[in-house]
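Presented sequentially are two complexes of subunit A, the first with subunit B as partner and the second with subunit C.
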Partner chain A sequence: MNSSANSLNKQIADFNHSNKKRRIRDFFSAGSTYLFSSFSLIALIAIIVFIFSKGYSTLSWDFLTSDYRSEIVNVETNSEVTVATNTFEYTPGDNEYFASNWGISFVDSKNTEGNSIVLVKYVDSKANTDSWINSSSQDPFTLKEGDNITSAQLWTSNDPDTSRVIVVSSSSGAEKMCKGFAECSYLKTMTITSKGGGIRGSLISTLYLILITMSIALPLGIGGAVFLGVYADTLPTRFKKIANILRSLIDMISGIPSIIFGLVGGVVFLTLFGQKGNLITGGLTLACMILPIIIKSTEEAIRTIPKNMPLASLALGASQTQTTFKIIIPNALPGILTSALLGIGRVIGESAALIYTSGTAIQDYIIPTQGSASLAVHIWSLMSGDNQNIEASCAISIVILFVILFLSLLIKLLSMKINRYQKGK
Partner chain B sequence: MQEIKEEKNIKKAEQKSNIDKTVKLFFLLLTSVCAAVIIVVMAFIIYKGVMPFIKSYTENGNTGTASLSYFLTGLRFQNGFDSTTGQFLYGVGFLVVNTLFLNLLAAIISVPTSILTSLFIARIAPSFLAKIIQSGIDLLAAIPSVIYGVFGIGVIVPMVKSIARNVFQISSASGISLLSGAIILALMSIPTMISVSVTSLKSVNEEMVKGSLALGASKTQTNFKICLRSAKSGIFAGIILGIGRALGEATAISMVCGSPTYGITTNIFNPTVTLTSQMLLALGEAVTDSLNYDIRFSAGIVLMLIILISNLILNDVKDHVSAINKKPLMITRFVLYTSNLFKKLSQKFKGLKDSSNELIR
Partner chain C sequence: MELTNDVVKEEIIPPNEEKVFSVRNLNLFYGKKQALSDISLDIYKHQVTALIGPSGCGKSTFLRCLNRMNDLIDDCHVQGSISFLNEDIKNINTIFLRTKVGMVFQQPNPFPMSILDNVTYGPRCQGLKDKKSLKEIAIRSLKEASIYEEVKDRLKTNGLALSGGQQQRLCIARCLAMKPDVILMDEPTSALDPIATSRIEELINTLKKDYTIVIVTHNMQQAIRVSDYTAFFMLGKLVEFNTTEEFFSHPKEKQSNDYITGRFS
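Let's look at the complex of A and B:
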């Protein structure tokens, strides 16, 4: 009696011991899943925080709409001059110098190449700049905040015989330039370099790429998806094999790395469309790349259409063609839109294939028959040189991320619309 | 009157069916064009990639073909001209080793992470947390590779640099290294791996799970010993897909891995150059139809072969470990097959010997 109780106690103790061990093991293995899944989440948060913190200050409307290349504008005064004699009130900040007779303040800065420049920080609304004209176009010129003054020739008075000439340039710094402006009341000539570093050209070339890619890939992809989703099932068995081969060939496209597409696209399309890489060749290459995405998504949408809809259409006397164009394609429209959005997302983010086919040169004036960098390639060229410009790259990344976020939200909404059929059942 | 109407109807129906046929053919044509893309790509890569070893090129005043043996074993991408054999020396052998090493390192990081994360999403996490992580992973998948490159240069590279300098006392480390590349590559391939394995983990047979719980296994034990095992083949499919993507990745790698011109990198804190980053390097200087340009196609063939072979091997392992149709490994199959062949041959030979012996007698 006693011995059996003892053994029972021992068993219970054993069980408790092993249970404790098991609990500890469970705790650690379950904890490891928490740990590792937080790892990928942390990575995502780190990426977003980094991109936004670095790029936020650079991102502005000017950044989106200005040219990449800085432009040089020569400014002169026309003959009926007004001499700056007013006094303007302004309290300059730190390291800011204010010429009170002109109403303009200057500040030291550095451009994207790291050279020191002098920027206009503040222009009074009544500042004496009415008589300034752009010497090449003879249009009136207005000085704006953020303009980069490279050099200026100033006279103390309008009379060439008696006046003293002072020449100031950006290399002498903001303080000296301000002194020169403050001493003189008459501006003879001035050279202004516009800011540059904007991404307008890359934005437009990305839009061009999307347009070219979609206008080729969508018709082809939808056609392929309609054949595979509608006609392939009705084929006789020996032709079904062909359809399956076609399908697996299309699936294989998505397994090819984009750099290979770039190489081949560069050779095949360049022999057809000119010697140097341009937007058309880039778009055609991307169209080949996104075909499987479009076909897969569209075919899936076609397959979610309830079978009785096309059957009812056929039973009512419509031909197969009419059924395809009037029942199947309109009902697969959310899926087609999803595929188009997925494709656009891919085009915006693609870089390796475009480096070969549309070049890495950043352009301001976009012609489709000329090579031009898209947004992603713009980042690549900014980062691959000797002077890496992380701020501008992050600013472009914010633009790309926003577009992608917007696209994925749209896709989510559309997929809810596709799922409506399954819910209705 | 009635007959004429019927005839008209029949004609109309015939026309309709004719239209149907042409439309069907038209769609077939479109599909064939789509499918032809892969054939054109493969044909061009092979045609252009074989050319350097057949056609003779003129570069820097020398004329000749590229040396195949150096191409496969060389330790420098561009090693000039060998005047004794009259061949250009372009090598990708070291690039292959570097690529494989980099991807192995990336897989060491990404495979456990993606398996455990997908287990967490599919089985362990409360539904709201699972949703948050799932959409986070989806967002990670949508981020283009250049942005990963920027992130790598801005965050990962300085991090690796400080680790190398402070922990491992390597004062020359610049952070642009194999390890940075592996981390970025792992980050990029994790979303692909997770999305496939989550689907397979979610479709694990519930009865099996309940059976395990009824037998007294704890929830965590069930998750690790039942769910992971029965979803093995799906998880492997995800890993294969992710590694395939990682092998073809170019821009991010070229940004964070640097560009040394030669040699196999074994120290993870040293810069490395892979097949894809070498293909992107100095592309602007290469002129179309020059050897320097065409050799990139040969490198492309090598890249495709690596992807194909690694896919085959991983698929084989997947078949080997999968719960349902278990197969022995390809090597085992090969060894068995050859040993059987030898056995058969030796038996035949023995029989031949016996019969010849009999004949002699």
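Let's look at the complex of A and C:
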């Protein structure tokens, strides 16, 4: 009894001795995994923090909904001059300058591209005169809050011979512009610029690209996956080689850099559908690019369906095709949705494949048969010129991040619902 | 061996017994491996035939020959003849054959759809669209499978929400909706608890009035309880085929005797 207890004690002592080394080794091995994972996490967080800190100030509802190109309206008067005779009452806030004879207040601001501009902060309801007209359309012009007055030519008196001409412009700042307006009672011409720099056009063309790409890639991809996952198994053995070759080809294609897709798509689709790239050729190119992703993950989803589910269908006298469309595809739906999300993520983030195929011109009015930049290409355009606009690029990045976050949440929710329904809860 | 089988059959077949399946000299190969060798066996109308034997003896493979589910497996080729109601099954379209010869699997496998859709799946695949007659078929089949009372208030709920035993009876109902002549059951109770098992066994006893049933089972007690005929398979060969009573009380072959006593001693 005693001796066995002694021998156990000795064994424990031996174990503790040898275990010391192991604990040191374990500490370093486990420590390195913590270290490396925290590095990668820090890198990720740093990127997101950078994007948010740079882009947050630019991001606004206006940024999302306004045109990229600023619209310039020249305002003239249909009589000789517009006369300001009233005296308006208004209490301007901080850094706001009020020209009481016109009933207009001005503030300094910045446009979405970061240049200083002067905005109209307040217009008295009686301030507008019906003698202002839009010189290009000859329609009556109404000054609104938020308009950006680029320049104005004002006269101190009605008589052209004795009058001083004062020209104010947005580069001189709100205070000077207000002073100019306050001094003069006669307005000759005025140029109003809408804010511009918005991403509405790029946002819409991205949505168009997603729509075009998915409506081509999803049916083709699901078809290919059903062939590989269902029908290839029923082929005679010697034809199975074809399916295997197809599978390795798909693996290979998914590794091709996207610029090569852009190059080939640019050459092939542009010769097929005319000389200039447009959203349809861009969508076709992206569809080719994401086809492997959709085929692979859909085939995987098909292969994870319990084997006896399709067997039960066949044993009930359903044909293979009925089984495929009534049992296999509905059951693979969560997997198909996930693959669609992966595809949409690629479409939103893709720039290289689109530069040749749908153009880099940022447009405001989107027609699928015309080339226009997607959000990612918009970033590329903003950063590739001489005036790099990091703030706007980061703001677009935030938009892309949120779109992808929203999509992934939506698809998670959908596949959870489907899963739950299919499990009978 | 073949001789013995023939002799056995001559002894036990009452002349008025109608054959549904008649299997002659069936050989089945998976690639080069022979899984069934020289099986000759008859399945009688409105009788329960149990197929027993140790794992891997080929009884499930034999069962799947009867509705040509083995066609779905690569490298599987069959020699010999199986005739279903005096027609060689090679000449029958597989889809038609499977509507006449239903199958219930080991694992309950309802489709992830409502109970109603599960039961009407077969008729819908045959092109029946009329909702009223589909519902009538569903109710008839659910009643036949003695599950109607339990699910009549929730026909729209998902089939997978039922318990294991209910799911298996739902699968039987799904099979009955096709009005088959024969129901093949591949160890239908091995995934179920004893209470669910006894309900399925009761069900088999009521179903044999209208249907011919072939059941694969590991459980010899179950074979005794539910079957009229028993076929004992071993290593891909049919060792003995006899009425269940005769087989379990006076096994003619030594292998059968060893198998029975090995389990019961």
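In this section, the second predicted complex is superposed on the first by the 286 of 425 C-alpha atoms of A that agree within 3 Å, B and C clash if a C-alpha of one lies under 4 Å from a C-alpha of the other, contacts with A are read in each partner's own complex, and residues count from 1 in each chain.
FYI, contacts are C-beta pairs under 8 Å (C-beta built on N, C-alpha and C of every residue); 3 or more make two chains touch, one makes a residue touch a chain.
Note that the structure is a prediction, hence the values are computed from the model and not measured.
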Checklist entry - Is the arrangement of subunit B and subunit C around the shared subunit A a clash or a fit after superposition? => result fit
Next on the checklist: Which partner chains sit in contact with A:344 here, subunit B, subunit C, both or neither? Use first/second/both/neither.
Outcome noted: neither
Checklist entry - Is A:190 contacted by the first partner subunit B, the second partner subunit C, both or neither? => result neither
Next on the checklist: By the touch definition at the top of the document, which applies to A:260: first (subunit B), second (subunit C), both, or neither?
Outcome noted: first
Checklist entry - Quick one: subunit B or subunit C, who's touching more of subunit A? => result B
Next on the checklist: On the A-aligned overlay, A:319 touches which partner chain: subunit B = first, subunit C = second, or both, or neither?
Outcome noted: both
Checklist entry - With the two structures laid over each other on chain A, which partner does A:331 touch: subunit B (first), subunit C (second), both, or neither? => result second
Checklist entry - Thinking of the overlay built on chain A, is A:308 touched by subunit B (first), by subunit C (second), by both, or by neither? => result second
Item to check | From subunit A, separation angle of subunit B and subunit C (C-alpha centres, steps of 10 degrees) | outcome: 70
Checklist entry - Which partner does A:280 reach: the first (subunit B), the second (subunit C), both, or neither? => result neither
Checklist entry - Least CA distance subunit B-subunit C after superposition, rounded to whole Å? => result 5
Checklist entry - Do subunit B and subunit C touch any of the same residues on subunit A, and if so, which? => result 319
Checklist entry - For subunit A, which residues are in contact with subunit C within the complex? => result 233-234, 237, 306, 308-309, 311-319, 322, 326-327, 330-331, 421-425
Item to check | Parts of subunit C lying in touch with subunit A, wherever the complex brings them together | outcome: 67, 69, 72, 74-75, 95-96, 98-99, 102-103, 105, 107, 109, 111-112, 121-122, 125-126, 157-162, 171, 174-175, 178
Checklist entry - What part of subunit A is in contact with subunit B in the complex they form? => result 22-23, 25-26, 29-30, 32-37, 39-41, 43-44, 46-47, 50-51, 54, 219-221, 223-224, 226-228, 230-231, 245-246, 249-250, 252-253, 255-261, 263-264, 266-268, 270, 275, 288, 291, 295, 319-321, 324, 345, 348-352, 355-356, 360, 376-377, 379-380, 383-384, 388, 390, 393-394, 397, 400-401, 404-405, 407-408
Checklist outcome for this item: Within the complex, subunit A is touched by subunit B residues 16-17, 19-20, 23-24, 26-35, 37-41, 44-45, 48, 112-113, 116-117, 119-121, 124-125, 132-133, 136-140, 142-151, 153-155, 187, 190-191, 194, 218-221, 223-224, 244, 247-251, 254-255, 276, 279-280, 283-284, 288, 296-297, 300, 303-304, 307
